Amino acid sequence: MPTIIIEGPPVKDLERKRRLAKEVTEAVAKFYGYPIEKIHGLIKENPPENVIVAGELLIDRRQRAAGKST
Amino acid sequence: MPTIIIEGPPVKDLERKRRLAKEVTEAVAKFYGYPIEKIHGLIKENPPENVIVAGELLIDRRQRAAGKST
Amino acid sequence: MPTIIIEGPPVKDLERKRRLAKEVTEAVAKFYGYPIEKIHGLIKENPPENVIVAGELLIDRRQRAAGKST
Amino acid sequence: MPTIIIEGPPVKDLERKRRLAKEVTEAVAKFYGYPIEKIHGLIKENPPENVIVAGELLIDRRQRAAGKST
Amino acid sequence: MPTIIIEGPPVKDLERKRRLAKEVTEAVAKFYGYPIEKIHGLIKENPPENVIVAGELLIDRRQRAAGKST
Amino acid sequence: MPTIIIEGPPVKDLERKRRLAKEVTEAVAKFYGYPIEKIHGLIKENPPENVIVAGELLIDRRQRAAGKST
């Protein structure tokens, strides 16, 4: 019954989600000594206006970074 | 001030949400010996491509199960 | 695979935990239309110096309430 | 690496999110004695049909309150 | 800034925690395309009287399982 | 009913917890336009062997940092 929660910005690629699901489940199953059937998890996709980094919204940090690189 | 968080796949039926709200609140209020006014909660709806079960995405498990049943 | 998380102050009575486990699981299983085997949960016990209510620590609110009642 | 999670109903005003990000980060950085670069957070927006207050859905409480005020 | 939260029963072996930390971080860093410096996580150890499985406390399930195996 | 959850390493100073409680509650109440009575929160203290930073346990990072500074 262990649960893995992964919080981060959105990722739309289903293939990468599949690989993540497999890899974190195997790591966590090994950690607890449980079969993978007992492990589950949630991928939480947070829009960049709802992610706070160093006192700023991620949406603002990205915009500033994009501005700098031009 | 106790908080109940329920994580699962989406459920759209408002009537079932009402019943859930009532029942889990009553169970939790009784547990703490608090009036129901002190209890609140959140229902979290996770899309099936973001739910991991036994190392797989729920969206893939459902598709496979659907395939089998035909 | 739905998960119930209950956050609140500590409760030590095992019998009350058993009843809570049974009642919230049944409510959540009914909500999702899943067998109870698919539901699990966590009871999180938070010490009163770590619970914030209306801008204060619960430990301070309780002490003040105790002072008033004498 | 401390993380702040704020759960509540949706707020769309980006300016208010910016101010929240700044203020909670400064409070938490001071608390841990860490530079603000080490602090991050998530604002979680919960639709009112998924928020439970005193055994009811927030969407129903609001509707009732709106009805009363007419 | 992605965060991994792992909820499960207690595991005391530090070496296993080290391996878990390394493996889940690498999987999550690859998933987001971020350097591992941006990833952090929390291992949450839940006592068996606070874990609910299929409507029962884990502490009771284990005791019953132990009884059966004698 | 908004909830603030703060995850980080342990801090034992009650006076700092009081200040944190007051400051984050005021910031969050202002954000939602709610009175502070509606806001609550939890401070979660995570032992350094359960905190993962950049693929390592915090307990190991600290030990290495302490070693370097001698």
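Details
Just so it is clear, A, B, C, D, E and F label the chains in written order, and each chain counts residues from 1 on its own.
In this text, contacts are C-beta pairs under 8 Å (C-beta built on N, C-alpha and C of every residue); 3 or more make two chains touch, one makes a residue touch a chain.
Note that the structure is a prediction, hence the values are computed from the model and not measured.
Chains that touch both chain E and chain F: C, D. Put simply, the chain farthest from chain E by mean CA position is D.
One copy, chain A, sits rotated relative to the other, chain D; on C-alpha atoms the angle is 120 degrees to the nearest 5. Using mean Cα coordinates as chain centres, the one most removed from chain F is B. Each chain gets one centre point, the mean of its Cα atoms, and the points for chain A and chain F are 21 Å apart.
Multi-chain contact residues of chain B (touching two or more other chains) are listed as 1, 3-4, 7, 17, 24, 40, 51, 53.
Contacts between chains form some other arrangement here, matching none of path, ring, star or all-to-all.
According to the touch criterion at the top of this document, the contacting chain pairs are A-B, A-C, A-D, A-E, B-C, B-D, B-F, C-E, C-F, D-E, D-F, E-F. Across the complex, chain C is touched by residues 1, 3, 40 of chain A. By the touch rule above, chain B contacts chain A in their complex via residues 7, 46, 49-57, 59-60. Interface residues of chain F, counted against chain C in their complex, comprise 4, 14, 17-18, 21-22, 24-26, 29, 36-37, 39-45. Within the complex formed with chain B, the residues of chain C that make contact are 1-9, 11, 16-17, 19-20, 23-24, 27-28, 30-32, 51, 53, 58.
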